[in-house]
Amino acid sequence: MEKKLSKKALSKSFHNWYYGHLTCFSQEHMQTFGYLCAMLPLVEELYDNEDDKAKAMNTYTAFFNTEPQLGSVIVGITAGLEEARASGQDDVDEETINGLRAGLMGPIAGIGDSLVVGTVIPILLGIAMGMSTGGSPLGAIFYIIVWNLFAYFGMKFMYFKGYELGGKAVDFLIGAQGEALRDAITTLGGIVIGAVSATWVSVKTSLELISAETGEAYVVLQDQLDAVFPGLLTTLFIIFCWFLMAKKQMSPIKVMLLLVVIAFVGVLVGFFDPGLAY
Amino acid sequence: MEKKLSKKALSKSFHNWYYGHLTCFSQEHMQTFGYLCAMLPLVEELYDNEDDKAKAMNTYTAFFNTEPQLGSVIVGITAGLEEARASGQDDVDEETINGLRAGLMGPIAGIGDSLVVGTVIPILLGIAMGMSTGGSPLGAIFYIIVWNLFAYFGMKFMYFKGYELGGKAVDFLIGAQGEALRDAITTLGGIVIGAVSATWVSVKTSLELISAETGEAYVVLQDQLDAVFPGLLTTLFIIFCWFLMAKKQMSPIKVMLLLVVIAFVGVLVGFFDPGLAY
Amino acid sequence: MEKKLSKKALSKSFHNWYYGHLTCFSQEHMQTFGYLCAMLPLVEELYDNEDDKAKAMNTYTAFFNTEPQLGSVIVGITAGLEEARASGQDDVDEETINGLRAGLMGPIAGIGDSLVVGTVIPILLGIAMGMSTGGSPLGAIFYIIVWNLFAYFGMKFMYFKGYELGGKAVDFLIGAQGEALRDAITTLGGIVIGAVSATWVSVKTSLELISAETGEAYVVLQDQLDAVFPGLLTTLFIIFCWFLMAKKQMSPIKVMLLLVVIAFVGVLVGFFDPGLAY
Amino acid sequence: MEISWIQAILLGLCACLSSMPGMGGSSIGNYTLGRPLVGGLVCGLILGDITTGILVGCAMQVVYIALVTPGGTVSADVRAVSYIGIPLAMAALSSYGLDAATSEGTALATSFGTMVGTLGTVLFYGTATINLVWQHIGWKAVEKRQYKKLYLVDMGLPWISHLICSFIPTVIMCKLGADVVEMIKTALPMDGLAMKTLFTVGSLLPCVGIAILLKQIVKKMTDFIPFLFGVVLAASMGINLVSATVIAGMFAIITYKLKLLLLTKNSGGADDDDEEEI
Amino acid sequence: MEISWIQAILLGLCACLSSMPGMGGSSIGNYTLGRPLVGGLVCGLILGDITTGILVGCAMQVVYIALVTPGGTVSADVRAVSYIGIPLAMAALSSYGLDAATSEGTALATSFGTMVGTLGTVLFYGTATINLVWQHIGWKAVEKRQYKKLYLVDMGLPWISHLICSFIPTVIMCKLGADVVEMIKTALPMDGLAMKTLFTVGSLLPCVGIAILLKQIVKKMTDFIPFLFGVVLAASMGINLVSATVIAGMFAIITYKLKLLLLTKNSGGADDDDEEEI
Amino acid sequence: MEISWIQAILLGLCACLSSMPGMGGSSIGNYTLGRPLVGGLVCGLILGDITTGILVGCAMQVVYIALVTPGGTVSADVRAVSYIGIPLAMAALSSYGLDAATSEGTALATSFGTMVGTLGTVLFYGTATINLVWQHIGWKAVEKRQYKKLYLVDMGLPWISHLICSFIPTVIMCKLGADVVEMIKTALPMDGLAMKTLFTVGSLLPCVGIAILLKQIVKKMTDFIPFLFGVVLAASMGINLVSATVIAGMFAIITYKLKLLLLTKNSGGADDDDEEEI
């Protein structure tokens, strides 16, 4: 009893996910309701019997959270698997599906957050800001168009690729190649984020040692630091924040408050000075 | 009955190849006649009997084509193998020799075309053009000398290395190391060709959006493109040509004609403008 | 009969090595006496019996030489092993200890000389020289402080790490990971040394071809060379010196004398000219 | 600058759409409307000064260019940044009489944005908490097999959360805006300690965003090297983000191959094909 | 500018030697005499204006710097470029009254060269086709075991092909040159559409050459990355070709080792030695 | 400039401490006091002109920035460079009336330093040889089990070697200094052949230091590539040493992983953990 999902049902499922994955987010269930809404059209098409429907929907009440853009692929895979289950394939059951969802959501979140949100968006925004120098709306419009085309069609591609491959996609994603790909993307992400920070973040000191005699600065600390390593201060601050959060388990909010204190003290002792006046 | 080729015969064989590999080129037999001429002095020295000579020469009537500079190594290897055959080694026969020639000529053509013609020559010409800025003959003379020394002694080295190693060279060339070397050279070639194209090819647009009020350009497209990725337009055009040839199986000539059309239209709409006038 | 070295004895041992490894250096025994002094406090604490002491001390009369900073790890390891031997562990005897010392001192010398003396010190000095531009003592003071903190605590860390790990450290150091680490450090060292030489060494030619008519230089050789490869002359001279020492087994002194001759001839023919006058 | 009711309402609506979690869906909402650059355009349109809007948006975008929210870890709330921060900053600029194109203007905008953005995280937690109520309704519906109701839960009811946590706060703050700004202006002179600190905080906060990303990427100390390499690319070599991404790509390929080799080294065969799939 | 009979004949001779396939052998002929830079020197010598010759040669050389002809795929014929194109361009320059050192001069030269070079491919196919006749004679000789005759076939008779396809066309074109140029001059004004198109084509055509090379190198999408990396090296970092080659060498070594590991991962042992041989 | 007895004695003491082997221990002595930059500060303090001392020290430091002494291979003796060379150079500068901050001053200093440094190697061999006597005493002590005496041998008696080979030569040379310099001044005018040669030698000698290091690193031809890459980083890209080290780190990681894979490719399992330890 081979069953095949209609284009229409798949399209509805995809769009439910595309729009609704985060609309009813809570810290407890995160994207679970988005997932349920994405599966609903499929389940309704595949099963006539109310009990079967309930059994199927029940599968997707399990906790779910991942990076939503890339995560489309997981929704697509489960679409394929649900179809297989409805067609009576024995080896696909609730456990398989939820094991897979649980196994994929972590890695995909990691890749997605650093690749999509940490790399693609900053690059697009970087280009767009260049175009908007001087206050032109060009850059913003560019970003709106390019990003949304990329996100929409990218997610669509992911969803349908996942659907097509079904279980096979999993082998790839958690197999050796998937792991290698994750490593590769992490390297790429690391480099780009370094470049992003050196391009867009700029921590500078205003400390100067002034010669008592001539009244001229004989040490401009910022220049000294840049001679050692361009962008040193920025990099040190970033690593410091990383250290607090990763090694000292501080929350981002606490780190920010600490930075306020540092800024205050820094201004007091003359280390920082934005150099403004009416 | 151990036979040993004389220095003189080897030298004549090498020089026949050095000069004659492409003189009687046709699309059908390509370098076959050059190869025959290169083997002739060796065959004449190794065999007294006319039938043996004929048998030997017959081996080299098979189709042959490769990158000629690097290809010297193949001619050298067959010199070594022919000597072995004449010395009565059983495992060297017509099939071995031609299998080997057929197996090597492809890879060596690939490496040679990208390494010698695509990398070494552009670099030498690049340096030479630097020296000839302003019309000085220095660069041209530099190129003539350096390239010819490199080609002559490089080919000689390849030929005699091939002759010495004989069959062992083949193991290297099609073994794991040879394959790895080809990969390495491809990477090197790819990078250098990228650098060559960014250095020597320059596609630029003259499109500007002029403000109606001030009469000044508020968007200079070329600058915008360079801010995104320096050399963007050049790179896109190259990839476009690659796409037509590699994916659409267009011939180079057709691509060029298409470029003429693009140039024409580009000039018409003001995208291209060499900016010349009497 | 478990024995444990006191903190005090270990500290004395470490400081004996820290200070005395090279004070009584000779080409024959090199760092052997330094090593004996480093082991003495340990041996005295571990053994009461004079014969045991003598047997232990005898172990360390074998020739020893390595890069002293990184070499602390070896001294630390033998401290651990001596403790194990005194505690009656059967598998630790004179042979083990000396085999290990002999096996480690070469690789550690190689890494240490290029990593510590060839990389860390030049980088610190490079930064320091930047700070001392114009004759300020700042850079020198910076170097004194940073280098000595690094050296002292680095050596201490190495010594106690070695002591803790004892035999296990050896597995790491000559195992696959140690070898890979050495390779990695060699690559790093090679790159940094290249950068050091391009930053701090500068061989320049003053040769110019002057046009007879206009009296102006139409070829400035140095510019031509830099156009080919920035730093070409410096690099060639370094490779030339390397060639003489590595391939022709010339001693450094002889190479230097040769350079004096080259400088002399170079000045005579106008290739070199520091361009000075009263 | 006075913000009318209708303007405030429009801003409030945008806040509902663009937050995380928000009613726009993450692609169109959070990642498009929520980005300060786009927010600048939108606020500019609503408040009738696109140029200033974009300039302020750009300034704030720099701070949040790499804003990721892994697993709902929110360090700054974009609804507050873009639809409270930007309008207030625009009001402040006009009140201080500063031009958004000057560096003082930029710094003022940045400080306003970050202050509001950080405080705004409370809105995020509020929204997510209220959503728990709707999710409770959702679970009931699942139990009763009223699956159609899931759409209401996921896409309808959360509007109520946003009425409370996005709409009302935005409208109030924007209406009060001019007064708030006026208050700040008299209380905090430009060259006073408070303002200097605020400005300095503005330049420090982006470090937190980058550090959150780094936390995901850096698992062991050597993972910092790609990040630092990225810094070198942008800060020392001055190349832009797209070019940096190409270079990162070189290393990503190598990392991929290395990891794949490591993972498959004991399994023969299939890897040649594997490589194709990337 | 008038080209005398004797000059035209000398140019015709050079065309015979320098073409692919040509009577100079590929090293001395096609890759030396055939390169436009050398062609510029030779034409300059023959026509009595070395400086202009070199300048024109340089301009055309840029277009054909990466001209490869894999497997007889000829996108531009160097005999036509160098020994018809350069003389005509020189004539055109003197007729238009342009200086070869100006950018207008360069563009004019480039356009002439490419026009002639592309049309000239017909000469290549002509030569190769006529050679089939001599090859037919060659096969007869092989059959009859008159091996000495092979020299005549390979190195003698092809002169006839070149008389027809290289010598005569060159002589005629060069003699008619002044008229042709004059015609062009009156028909096509400098700032007209035709000339602008011609000039634009001149800047686009090099893309085809690069793309042909890329076709050999790019087998899968990731193979574009080395190419783009090369673009970044030259365009974003501004380093020259020799330096770029050094960097490419770093990656070539890595690629070599990676590939070798991949190929030998299931065969133990011999690889440590392998590494030495590169 | 006159050097007083007390000044000469202080310089002599420093020479004892800073030589290789020296009484300061290698960290504080040879690698701190011995470095010309620090020597410049110390000589400046002793001779009462810190600025000139530092300037001269910097100039000489450049020459010996990568001075390694693998296995006691000493190409220049730092006691002589720093505590004979610097004082004499300072004397020479004041005698020639040159400012240390000018390039002439730098060149003069460098030449003096290298001349003295090279000749000074004899002092190194002297010291090491005399130490053999004390070591002889040491062996006797070991035999007689008078281990305490080892301290005297290692840390006490070598002072005698230094009295002879460091202290006395330094004191004498420094006292005679002014005369020697005066002699040189009259005998060797600034623009004479001798001085020019001396200056040129100064710029050539650093090559030897680098080459000694290279000897350790370069085992096969491809090992030159990292070195050349380093040259490219500094010379073509103009990045500083710390940045270059970061880039080198990227390649070091890759090398590490490659080598580890090569070494462990036939041993399964443990390698995932291995990777962590680096």
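Per-chain residue numbering starts at 1, and chain names A, B, C, D, E and F are given in the order in which the chains are listed.
FYI, a residue touches a chain if its C-beta (ideal position, glycine included) is under 8 Å from a C-beta of that chain, and two chains touch if they have at least 3 such contacts.
All values derive from a computational prediction rather than experimental measurement.
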Shared chain contacts [subunit A and subunit E, defined touch]: B, C, D, F
Turn needed to bring subunit E onto subunit F - CA fit, degrees, nearest 5: 120
Same or different contact residues where subunit E meets its copy subunit D, judged by the half mark: different
Inter-chain centre distance, subunit D versus subunit F - centres from mean C-alpha coordinates, in Å: 54
Centre-of-Cα separation between subunit F and subunit B, whole angstrom: 50
Cα-centroid distance, subunit A relative to subunit B, in whole angstrom: 46
Residues within subunit E bordering two or more other chains: 226, 228-229, 231-232, 235-237, 239-240, 242-243, 247, 249, 251, 253-254, 257-258, 261, 264-265, 278
Subunit A: positions in contact with at least two other chains: 127, 136, 227-230
Touch relationships between chains, expressed as pairs: A-B, A-C, A-D, A-F, B-C, B-D, B-E, C-E, C-F, D-E, D-F, E-F
Residue numbers on subunit D that touch subunit F, as the complex places them: 220, 222, 225-226, 228-229, 231-232, 235-237, 251, 254, 258, 261-262, 265-266
Subunit B-facing residues of subunit C, complex: 218-219, 224, 227-228
Residue ranges of subunit B in contact with subunit E within the complex: 18-30, 32-34, 36-37, 40, 43-44, 50, 53-54, 57-58, 61, 65, 68-69, 109-110, 113-114, 117-119, 121-123, 125-129, 132-137, 139-141, 143-144, 147-148, 151-152, 155, 172, 176-177, 179-181, 183-204, 229-231, 234-235, 237-242, 244-246, 252-253, 255-256, 259-260, 262-264, 266-268, 272-274, 276-278
Sites on subunit D touched by subunit B in the complex: 240, 242-243
Contacting residues of subunit E [partner subunit F, same complex]: 237, 239-240, 243, 246-247, 249-250, 253-254, 257-258, 261, 264-265, 268, 271-272, 275-276, 278
